[in-house]
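Chain lettering (A, B and C) follows the sequence in which the chains are written, and residue indices restart at 1 in each chain.
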Amino acid sequence: MPDFLLAYQSLFAFIGINGLLALSVYCTLCCGQLSLANAGFMAIGAYAGAILTQNFHAPFGLAILAGTILPAVFAVPLGLPVLRLRGVFLAIATIGFGEVVRLAFVNWDYTNGALGLVAIPQKTGLWTIWLALAFALYVLGRIRGSRPGYALEAIREDEPAARTMGIATTRYKVSMFALGAALAGLAGVLEAHLTFMVAPNGYGFSRAVDMLVYAVVGGTTAFYGPVIGAAFLTLLPELLRGGGQALGLAPGPLRLFLNGAILLAVILFVPNGLASLPAAMQIFRPRRPPRSAALR
Amino acid sequence: MQQAINGIFLGSIYALFAVGYTLVFGVLDILNLAHQAVFMLCAFAALTLVGQWGMHIALALPLAAALGGILGLVLERIAFRPLRGRSDSNISGLISSLAAATIFEAIALQLFGPDVSRFPFGSFPDRPLHLGHATVSALQLTIVAISVALMAILTALLRATPLGRRIRAVAENPRAARILGVDVDRIIAWSFFISSALGGAAGVLFGLAFNSVSPDVGRSIELKGLAVIILGGMGSVTGAVIAGFAIGILEVFTVARIGSSYRDAVSFAVLFLILLVRPRGLLGQAATREA
Amino acid sequence: MPLSVEKVERAFGGVRALDGVTFTVGEGEVHGLIGPNGAGKTTLLNVVSGLLRPSGGTIRLGEHRIDGRPAHQIAARGIARTFQNIRLFAGLSAAGNVIVGEHLVRKAPLWRRMLLLPAARAEEKAALDAALLVLARVGLRERAFDTASALSYGEQRRVEIARALARSPRVLLLDEPTAGMNAAEVAAVEKLIREVAAEGRSVLLVEHNVRLVMEVSDRITVLNFGKVIANGEPEEVARDPAVIAAYLGADT
């Protein structure tokens, strides 16, 4: 492995994991829904995977599978009643869900309560993370432009009108909510086996907001936007660490402040996110718009 | 009896907090997720005024509430007004209010640190009163009295003043209100001011009641506030008041019977149950989007 | 009868927007629905297409009762509509909008696309070709790849009609299809309505352009304050004193 990669290995790993989390938020945002449950789903995935490898010595592949599927299983009964309603109810229900998941793990003795699990076997390699990210990108990229992909865009643009086209909007929204839960769970398993530990407070509300910031800052009109946002915001604190110290700001508040300020600036001034900037500024003007792109 | 009193005491703070949520939602149809951050900042403000400047709490409370109102105006200006008229304004409003909440929390974290801060000892004279078998502290009684009074003032303001009538008109139908000559932007700004001032007052009362304020203190009340407005019906002030007391009482009884680790689960259980059976809540409008 | 509306009611709070509305639309019939502003025409279309639940009455499509069913099921039974305040999917191209309109008639399993199977490519091409054909029908083949929001008002209305026609509906609900159009565009829409009816589809037409309604409709129902005040052939309706009074009273 080149020195460069070695030196920044953990940074690259976290870009990948944060990229997955950003995509998990994208799954609901791309049909116009705001979910704040994905930190909870991530926790479910992380704990499920960690319990399997640590207590049952299950193979890592099985842990990944369980940690991906279990959150989706939770997502369906949570999403089904709520996604029939107006969008704001999903935000409310998922804020509640995230908090309840965290509290459940805090109160669960089997997983050491608030302390969480430690000494989880390290099984996640850099390549595992990036393979998972590539897979997620492929799936979401192929949904774009497909029959369900068009349905999702119609739902985002005008849900009642989409229903009059014969699109079963609730079913689509629940499917994407579950897919987002699965991706968040996958990221959870991978992170647990990278950092050797899981603890309830790692999956609180601020984690949910972090993911949302990645996705919105990157932009959700293109499926790869969230990953760009995740990479940008994972690198940013590293770049700004010196500056913050010089100003006498603690790194925690500084990171939080930047998250909020960047999120606000993007939603106000670049509503389609950073990924839309090149097109907006026409840096890469295509000679002739390709047919598939023009369809969008 | 003792538990009922504790429940009413807790419920009065929940109701006061949630009334602010529901007021803005009623007028703008947007949930202000920064409401809890205003709550938290105002609690800190009162604490600083009392603890560092030696101000009496009776003066610090209105000052902190006024600060809350000003924060509300700032919030409306930077996070909501620029989005008005955008087709995705309901979801982008949620996101921008979340961004504002994050900024407020970062400020609190930088200024006050992550740990719990407390009011200096004896900043509020407190002595127990006996009501039959139950004990009430003078502090509890004062807190209930203040929040009930504030909610009564709000109700009177909405019912009987020109400003209140305009707020209700905008909540009912902004387009029609504009045609009738109501300055909708001003009314929305007023709603934010009132909502955030009440939220700030709730923050100060909460800080006094439990004598502990930290940058994440808004998080736990947020969930309760959301449960309250769902139970009461989104946008209904009366519903929020009733539901606030209901959830306060329910929570106290749950803690007494089952255990304190389930304190916060009560709110979520109520919230989810209502979404399942009656999404419009006790007194709200329809919850599914039509046409 | 493809579409029969019987004693349909809908109240908003205390206001009765629809009050016992009854009429039928036959196969291949163009049925005009007119009335002063606020008479309940759009509310009726919303109720028929399932965006609003009726508070009473029955609506049948063929033998099937559709009142109170979810909008997407009603659409699947064969009802398509346009909107008074154009509701295109603004971020999609004209062709993309029509492809959304084909949602019900096209099968394209996602797994084939995931596995990059040639069949998936063929399905996508078929969907696009079909969409281009429908767009050609409304005279917009050239603008197929333009974003919907970049089209002119009249063009957007035509894309909406194309989107509704894309799935070959049994009943087409048109809500003021010619509002804001120039004379040539109105003539084109008139021709299109006749063609659609000639294919055996029923058209329920809400329209402010009275001349157009009189010309193109086989039958006309007049609504006022949520009630049917007249129902019959265009000449009959035009002579009806109640209709004349309603229109003069409403200052139209």
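Quick notes
The working rule: a contact is a pair of C-beta atoms (placed from the backbone, for glycine too) under 8 Å apart; a residue touches a chain by one contact, two chains touch by 3 or more.
Everything quoted here is computed from the prediction, not taken from an experiment.
Annotation: A-B is the more contact-rich of the chain pairs A-B and A-C, by number of C-beta pairs in contact.
Closest chain to the protein centre (all Cα atoms averaged), using per-chain Cα means: A. Separating the centre of chain B from that of chain C, both taken as means of CA atoms, is a distance of 46 Å. Measuring from the averaged C-alpha position of chain A to that of chain B gives a distance of 30 Å.
Chain centres here are Cα averages; for chain A and chain C they lie 40 Å apart. The residues of chain C that reach two or more other chains are 51, 90, listed in rising order. Multi-chain contact residues, meaning those touching two or more other chains, occur in chain B at positions 290-291. Touching of two or more other chains is recorded for residues 160 of chain A. Taken in their complex, chain C has these residues touching chain A: 49-51, 70-72, 74-76, 80-81, 83, 87-93, 95-96, 99-101, 103-104, 106-108, 110, 113-114, 120, 124, 127-128, 145, 163, 167. Considering their complex, residues 138-139, 142-143, 145-148, 150-151, 153-154, 156-158, 160-169, 221, 289, 291, 294-296 of chain A touch chain C.
Within the complex formed with chain A, the chain B residues making contact are 25, 30-31, 33, 78-79, 82-83, 86, 88, 90-92, 94-96, 98-107, 109-110, 114, 219, 222-223, 226-227, 230, 234, 261, 264-265, 267-268, 271-272, 275-276, 279, 287-291. Note for the complex: chain A touches chain B at residues 29, 32-34, 81-82, 84-89, 91-93, 95-97, 99-100, 103, 106-107, 159-160, 204-205, 209, 212-213, 216, 249-250, 252-254, 256-257, 259-261, 263-264, 267-268, 271.
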